[in-house]
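Across the two complexes that follow, chain A remains constant while its partner is chain B and subsequently chain C.
Up next, the complex of A and B:
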C-alpha cells in the first residue's frame, strides 16, 4: 500500500512538471508566431535558438546506430527497459486504488465495517476453537457492495476426519459470517508432525 | 486515550469528535483509535490530533461521526452494535446530543492478548 501511495505521489509530481513544460512550450510557440520570415520572433528563429537541426542530426545518427546489425547496444537497451518499467509503475500509481475495501455489515443508521485483516484475525481465532484443529489460516475477500468471502485452511489432527474438522470450523465461524454476510470456504489438511491440538 | 477539553477555540464538530472517540475508547473491547494505514482518519482538535475519528457535516447542524478503531479479541458485531449507543449517550451528557448525526464504526485492526503468530 505504501508503495502505491509513493507511486501516486510520483504521478502527481510528474503530471505537474509535464503541465509546466507544456505551458512554457505553448508560451514560447505563441510568442515566436508573432513575426514571419526567418528572424526575430519567428518559428525558424526559435528552431535556430533551440538548435533543433543539431538535435535532429544527433537523433538521426543515434537511430541509425541502433538499427545497425551487430552486437546489442547495452546502454540504450537498458534505458528502454527502464522507461518501460517506469511507465508501468506510473500506470500502477494511476489505476491501483489506495483505499482498502472494507467488509460491511448492516447496522442502524450508521455503518459497521471491518478491515479484512482484522476480520481474518478474528476468524482465525474463532476457527482455532474448533475440535481437532491444530492451526488455521484465514483470508477474507470483501464483496463489491456488502459481505464477502472467507477462505479458511485448517490443519487437523490424524484422528479427526476432514468433514468433522470442516464442520467444526464452520460452526465456530457462523456468528461472524452471519453478521458480516460472509460465505465460507473451508479446506483441511493433515497437520505436520509436532503440531498440537488446540 | 484522553485529550484535555478546550473551553474555546474548538468547533462543535471537533468537540463532537473528541467526545465520540473518548466514549468509544472507554468501551470494553476497544483497544484504541486507529488513524489508518496512511493516517487519514484523524480530526484536528486545537493543537492535538484525534486519531481514529472523522466528523463531517451532515446538514441541519448535525455531524456524522465515523470511528476507526483497533479492537480487542472480542465479538466484533456485538461491540460494533454497542458503540453507537455509547457515543450517543456521551454526546447527550455533553449537551451535544442534537448535533450528533449518524455514527459509523470500522474496525481496522484487532489486538491479540498474546500477539498474533507471524
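Up next, the complex of A and C:
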C-alpha cells in the first residue's frame, strides 16, 4: 500500500509538471508567432533556440543504430524494459485506489457503508444458518457506486442436494442483500468426510 | 490532539490524471519500440506494428515554410494562448491545499468569551450514542470539519443494514440534543464480533 501511495504522489507531481510544461509551451508558441521569417520572435527561431535540429539528428542516429542488423543490444533492451515498467507503475498510480473500497448501502448526505471483510464475515455467519451446510467461504466485492457482489462457496452434507443448499444459503443472505443492494453467487461442493452442520 | 492532514482535490484533477495516462502510454510505446528494435526483430516489422517510422518522419520533415503563413501563425498563436490559459488554470488548481481535518468547533463568540467543542468530545458523543444500540459491540468516531464518520462493530449478523441506519439516526439526534451543528454522519460497518462466550453465574 505504501508503494501505491508513493506512486499516487508521483502521479500528482507528474500531472502538475505536465500541465505547467503544456502551459509554458502554449505561451512560448504564442510569443514566437509574433514575427514571421526566420529570426526574432518567429517559430524557426524557437526551433533554433531549442536545438530541435540537433535533437532530430540524435534521434535519427539512435534509430539507425538500433535498426542495424547485428547482435542483440543489451543496454537499449534494458532501457526499453525500464520505460515499460515506468509506464506500468504510472498507470498503477493512476488507477489503483489507495483507500479500501467500501460497500455502500446508502450514499449522499452521510452514507451507510461496510468494510469488505466485516461484511464477508457477516455473510458467512448468515449463510452457515442454511440447512445442510457445514462451512462457508464468503467474499465481497464492492460495486462502483453502490451495492456489490457476494461470492459464496458452501460445503454441503451428502444428504443435501446442491440446488437445495444453494436456495437455503440465498434465503439466509436475503436480508443482507436487500439492505446493501448486493447480488449473490453461490457455489456448492460436497463437504469433507467428518464435517458437521454448525 | 490526534491530527489528520488532508488535501482538497480539485474536481478538475482528472485532466492531470488523463495527461499522466497519455504520458504513460507514450512511454510504454517508446519502450516497446526500443525493446523490439534492440531485439533485432526487424525495423520493417516493428514499424508496421508501432508506426514509429511514420511518426518520426512526419516530425522530422516539418520545415519553417510549413508554419510561415500569417493565417497559420495566427491559428498557432491562438491555440497556444488557449493552451496557456487552460493548462495554466488547471496547474493552479492542482496545487495542493492542505488543511487540518480535526479542528475545534466554534459554537459562539461574544465579549464574555468563546465557546468551543474539541473534536474528541464530538467523537465520544457519537461513540456513546452508537454503543447504546444493543446490537453494537463497539464504535469509534472520527470527526472532520465536514463529516462525522462512525465505525461500528456489530454483535449479530441478522440486521446489519438496519443497525447502521439506527446508529446514524441516533448519532444525528444526539448531535441535535447537545446543540451541535448537524454535520453529515457516515456509519461504516468495521467488524463483526458475535458473542461466543457464556457468563458463569
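In this section, the second predicted complex is superposed on the first by the 124 of 198 C-alpha atoms of A that agree within 3 Å, B and C clash if a C-alpha of one lies under 4 Å from a C-alpha of the other, contacts with A are read in each partner's own complex, and residues count from 1 in each chain.
Quick note on the criterion: contacts are C-beta pairs under 8 Å (C-beta built on N, C-alpha and C of every residue); 3 or more make two chains touch, one makes a residue touch a chain.
Note that the coordinates shown come from a computational prediction; the quantities given were computed from them, not determined experimentally.
Enquirer: According to the stated criteria, A:121 is in contact with first (chain B), second (chain C), both, or neither; which is it?
Expert: both
Enquirer: Which holds for A:60: it touches chain B only (first), chain C only (second), both, or neither?
Expert: A:60: touches chain C, not chain B.
Enquirer: Quick one: is A:91 in contact with chain B, with chain C, with both, or with neither? Answer first, second, both or neither.
Expert: Once the two structures are laid over each other on A, A:91 reaches chain C alone.
Enquirer: Contacts for A:179 in the overlay, against chain B (first) and chain C (second): which applies, first, second, both or neither?
Expert: both
Enquirer: Considering only the touch criterion stated at the top, classify A:163 as touching first (chain B), second (chain C), both, or neither.
Expert: Touch partners of A:163: none, neither chain B nor chain C.
Enquirer: Touching A:16, do we find chain B (first), chain C (second), both, or neither?
Expert: second
Enquirer: Looking at chain A, does chain B or chain C touch a larger number of its residues?
Expert: For chain A, the partner with the higher number of touched residues is C.
Enquirer: Return the residues of chain A at which the contacts from chain B and from chain C coincide.
Expert: Residues 102, 105, 109-115, 118-119, 121-122, 125, 175-176, 179-180 of chain A touch both chain B and chain C.
Enquirer: How about chain B: which of its residues touch chain A in the complex?
Expert: Chain B residues touching chain A: 37-38, 64, 71, 73, 75-77, 80-81, 84, 102-110, 112, 116.
Enquirer: Quick check: in the complex, which residue numbers of chain A touch chain B?
Expert: Residues of chain A touching chain B: 1-2, 5, 98, 100, 102, 105, 107-115, 117-119, 121-122, 125, 175-176, 179-180.
Enquirer: Where on chain C does chain A make contact in their complex?
Expert: 13, 15-17, 19-21, 23-25, 27-28, 30-40, 43, 52, 56, 59-60, 64, 67-68, 70, 73-74, 76-77, 79-88, 90-91, 94-96, 147, 153-154, 157-162, 164-165, 168, 172, 184-192, 194
Enquirer: If you look only at chain A, which of its residues touch chain C in the complex?
Expert: Touch residues, chain A against chain C: 11-12, 14-16, 18-20, 22-30, 33-34, 36, 38, 42-44, 47, 56, 59-60, 63, 66-67, 69-77, 79-84, 86-88, 90-91, 93-94, 102, 105-106, 109-115, 118-119, 121-123, 125-126, 175-176, 178-180.
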